[in-house]
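Below are structures written as structure tokens.
What follows is a pair of complexes built around chain A, which joins chain B in one and chain C in the other.
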Partner chain A sequence: MTKGVLGRQIVKNLLVFLVAMFILSFAVFFIASYAPGDPLQSFYGERVEQMSAEEHEAARHRLGLDGPVYVQYGHWLANAATGDFGLSFKYKEPAIDVIQAFIGNTLLLGGVSYLLVFLLATVLALCCAMYEGTKIDRAIAHVGTILYYLPGFWIGLVLLLIFNVNLGWLPGSGAYSPGHAGDILDRLEHIILPVIVMIIGHLWYYTYMIRNKLVEEARQDYVLLAKTKGLTRMQVAVRHCLKNTAPTIVSIMAISVNHILGGTYVVEAVFSYPGLGKLAIDSAKYHDYNLLMLIVLLTGAFIIFSGLLAQTINAWIDPRLKVKGGGTSWTIRQLFGR
Partner chain B sequence: MEPKPLEIDNLELSFTTPYGEVKAVRGVSLTLEPGEILVLAGESGCGKSVLCKSVLKLLPRYARIKSGSIRLCGRDITHASEAEMTKIRGTEAAMVFQNPLTTLMPSMTIGAQIREALRRRHLTPEEEEAESIRLLESVGITEARQRLSQLPLAFSGGMRQRCALAIALAAQPKVLLADEPTTALDGTIQIQILDRLKKLRDERGLSILLVTHDLGVAAHIADRVGILYAGRLVEIGTAEEIFYDPRHPYTWGLLSSLPAAARGKRLTPIDGMPPDLLAPPPGDAFASRNPYAIAIDYEKQPPLFDVSSTHKAATWLLDPRAPKITPPESARIEPFDSTKS
Partner chain C sequence: MDDTSAFRPVGKRAVEAVPVKHRRQPGAHGIPVISCLLLAIIVLGCVFAPVLANHDPTMFYLDHLNKAPDSAFYFGTDSLGRDIYSIIWYGGRISLTVGVLSMAIATAIGLLYGCISGMGTDTMDNVMMRTAELISSIPSILLMLLLLAILDSPSVVTLSIVIGVTQWMNLARMTRTEIRQIRSSDYILAARAMGATFPHILRHHLLPNVLSPLLFMIISLIGTAMTTEATLSFLGIGLPVEIVSWGTMLSLSSRALLTNSWWIICIPGFFLVATLTAITRVGHALRHHAVRSASNL
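Here is the complex of A and B:
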């Protein structure tokens, strides 16, 4: 791939990204503005009710809440373009600062869940595909399906009851014990239960998708030649079938980012885990628009970015995808410019 | 005495399906001699591919050997486990398949695919590279060194089949099984691949069991030919015996439907369809399509009668009490003229 093509690709992706972000911010801003409730309430609390009409107007003006909604959006957009995302009404701090305290927690919980879900899904899918149609395959399918349909919040509560309330083995809320903010082991201890809930809720869905893809792959002709070579069943499954399924798995991983991120929001609520999800729900509840906008934009940027990343990784795993793009040469060395 | 490369004794193999038991192979016995090319021919569904794959146990789980035995290089592998088969595959016997376009792993370079098979021989990386190049050259691929780093999609169908052949031969098997290796290729390439197989036999003493529906392929390459019908071996003999002195009415039918035999006349097809192997008919499975069938054909399965020490055919016409029938004129083939093909 030449430099010119790569450059065009980056510019194109960047444009797609900007347009998507603009549409997203526009939609969220308008929906939030027309939702019932008064953002002043979250900023001033009880005092709002004692304000005079003039004071009310002045307060609205200070917070950029006066005028028609499209004007408000214009203000917000102009400020956001310079990196100023405004004050959080509830925390009375710049929205960016508020988010910084929460985002790490969500990234830890979501990241660990995400990796474990796909690691386990791939391993289980391999088990199923290698023993397709046998008792092992069917047992995994049955257990998986049952767990998948149990509601996450209920599993969360049951786990809390067993491991926190009755056994007292694991902490039941928060991201770390008081005074242990920098202790990574303590943080990991706090995410064990939330991660288990995440895995139970998502695992089978992805296992099933990967399993079916692998089973399809195992029916390909090249598998026969691979077996003829004297490769073991495991070697055929991992080196050949899994390798050819990898682009699909990466694509599934990319489109599942929002799925798993959404899952953390529910889990954070059950375990009172201070993360973006809890923050997003609170900011919607308190009409904390600036904070809400920032969270939505961050989440959106993250999801769009992961989609673009998946595209790149796929082309790297399966060189054929690049060749189809109009290349003339087929050696790996030439494809990667080495 | 050196053990035969492959001995199949009275093999019965069935597929368990939701509709019942499909009897794909019904009591086939054959022996592959060292350095011999034995071609099994028959129409679609006669069990030739199944027979070939059963030697390496590449059949799906629902295929089951019901009785009989398979001996590979003197070792009984009838009930060998997957782990035992893994050791045998590649080193004792290897196989090439029908569709060259899908037979190679698409996202792995040819070199890597050959190296996987070479790993069995515990060579150093330099030796592996040299051996890979030698293998590719031995199947007729030029500029082998550059070819090693290319993906299968850089190769044409014929070249992919050659690569598959190189992969199959990498671990130095004694027996090569070939399941319609030239069916998907055009005529010129077919001849090239078949000649290559002959050369490999001559150079390495490879024993080859080749399965095809194309009697032209059999005529070109075979030392001996076996004719399969509805899961049974109906006739087997040297190539000369099968082509110039066929004894089974089914073989007559096959030869009559060859363009080479018709020579300007209309082709004579075999009427009717092969029987349903869910419930094979009693007697000779070919009887209902056989214009020369006699009453006993519908009742009792004919045994393999000896025509000569190498030639056998399963038809009641060879019984001393049967009426004497001369093969139809359309099944007569002029002696093969190698300069014309």
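Here is the complex of A and C:
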């Protein structure tokens, strides 16, 4: 029964995924086709003005820019199905190759921030829930709310001003020092400030969500039982409450993927970190639509995939979901039986 | 980042179980006097900008580039030679306008969308909510990037529209939840039985009833929109530098980092942060008030 439900869920999700990607790509394509700025200009630069009409036509054809929008989209879709996402107009390379050079940096920055945000959020939430209603709880709430509403790019600037310009402790731009591409310590040194900005911007939001769930959990009767058994407050909170909150945390982690990704965009721009976000902003500035589109699609795919993954993980760690295929409705026997 | 739904109180059952002394929401205590005062000072300062400014905001004082704060230039000058003290008030006008305008647009779309989805048939509701979910699953910065890519240099109005149309999804979802709760109430049934049309019910029954729980979210949308404006302008895809706003003032900060001019970064940032914090506190207080007045205890 559970296997069937899970299988059907995955098939359904895959269908949703495909439909979503289709709509997304069409929307981006449509918007891009009405955008100002001549992609030919960004591809050939000055040479466009010296081209004859035939050369112009040929160049358009080569870049897949001739015919009405839906024909162009058809071309693009047919090519995309074979893994060819067109040329980046700015870099004059296949868009997918350009992205490959940048995606690793973003994954490192995003991944480290993601893990640290949730590790710290869980610890802080536990701290809040243990001392609920006391000064500690309220102090964390106050500081957290203020930090949450600070604009991320501004925190980045202030940190750069302090730690890079004035103290000179940490590097302020790039993903690694010249000539140290393989040096993991050097790379980590470069992501310290970006990661701090990411943590400050995202930590409180998730702490608050997890805290609320833990607080709710702490009102359950089993907590009393566990305490009567002789467990300490800490043991009850970690072994029982936190364990029961795990599915919620996983769900929140799945929802948070797009926020964290969106956060890396801004942070990368502040710290001139060569990642997907900087690439996306540059490609929007230079009307490099093939590249922008691929970034949007990749981001969308990544987000939908993480949602799917979270559902699967939850079905696996939370036995409560297996009982009724995820539903909470009771059968008549459950309601009236003994 | 733009999702404020986490700041709702936890489930109803849990709230009831909480002992009375624990029932205060973190960060919400009575009327926030300091925040109201701060907000009033900033708004009035922006309204009376010509009175407060002691230099011409459109003037480039080219022999005073990057000057630290002194008695002539209270907040110093930026790398274009503009007097920061004078342009901060003019910039505030633009920032606040974008904030309020985007909030109005997002609220209008969100409320209407949520009401239609909440009152509609199940299929309609499903389709509309899935669509909203799909849009909100894309990072909003990416959406705005796409929309801004097709506008060559956005004006205050177009930027507000771009921000507004990318921020309404959460509000729509919450409106829909609220509407679902009251849609089968007797008074709505009675209104329908008397032949009231959807616009009439919307105006006289639905909106007045859902507005107060959503007030916090609507107010915090102003703050979100102001942050977004600043971020986009800083990234160089929002307002052009000629239009003075707190965001475009901060867009000069990468140059300021090279010359170590802290005042170019800190002063507009401080104004932005002060406004955001004050708005949020006021919103929290309003929500707290709404929650208290809805309770029968």
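As a working rule, the second predicted complex is superposed on the first by the 308 of 338 C-alpha atoms of A that agree within 3 Å, B and C clash if a C-alpha of one lies under 4 Å from a C-alpha of the other, contacts with A are read in each partner's own complex, and residues count from 1 in each chain.
Keep this in mind: a contact is a pair of C-beta atoms (placed from the backbone, for glycine too) under 8 Å apart; a residue touches a chain by one contact, two chains touch by 3 or more.
As the structure is a prediction and not an experimental result, all values here were calculated from the model.
Touch criterion met: A:Gly133 reaches chain B and chain C at once. Using the contact criterion defined above for the overlaid structures, shared-chain residue A:Leu225 touches chain B, although it does not reach chain C. In the superposed model, A:Arg233 makes contact with chain B only, not with chain C.
By the document's definition of touching, neither partner reaches A:Ile192: not chain B, not chain C.
In the overlay built on the shared chain, the residue A:Leu150 is in contact with chain C alone; chain B does not reach it. Shared-chain residue A:Leu292: touches chain C; no touch with chain B.
Comparing chain B with chain C, the partner in contact with more residues of chain A is C. Once chain A of one complex is fitted onto chain A of the other, the partner contacts of A:Asn212 are limited to chain C, with no touch recorded for chain B. Of the two partner chains placed around the shared chain by superposition, chain C is the only one that A:Gly262 touches, whereas chain B remains out of contact.
Residues 133 of chain A touch chain B in one complex and chain C in the other.
If you check the complex, the residues on chain C that touch chain A are 1, 3, 6-7, 10-11, 14, 17-18, 21-22, 26-27, 134, 137-142, 145-150, 152, 223, 227, 230-231, 234-237, 250, 253, 257, 260, 262, 265-266, 269, 272-273, 276-277, 280, 284. Interface residues of chain B, counted against chain A in their complex, comprise 56, 58, 61, 82-83, 86-91, 94-99, 102-109, 116-117, 120, 146, 149-151, 153-154, 164, 167-168, 170-171. Chain A makes touch with chain B in their complex at residues 133, 220-222, 224-233, 239-240, 243-244, 317-320, 323, 330-333. If you check the complex, the residues on chain A that touch chain C are 20, 23-24, 28, 31-32, 34-37, 132-133, 137-138, 141-142, 145-146, 149-154, 157-158, 160-161, 164-166, 172, 201-202, 205-206, 208-209, 212-213, 215-216, 219, 258-259, 261-263, 265-266, 269, 280-281, 284-285, 287, 289, 292, 295-296, 299-300, 303-304, 307.
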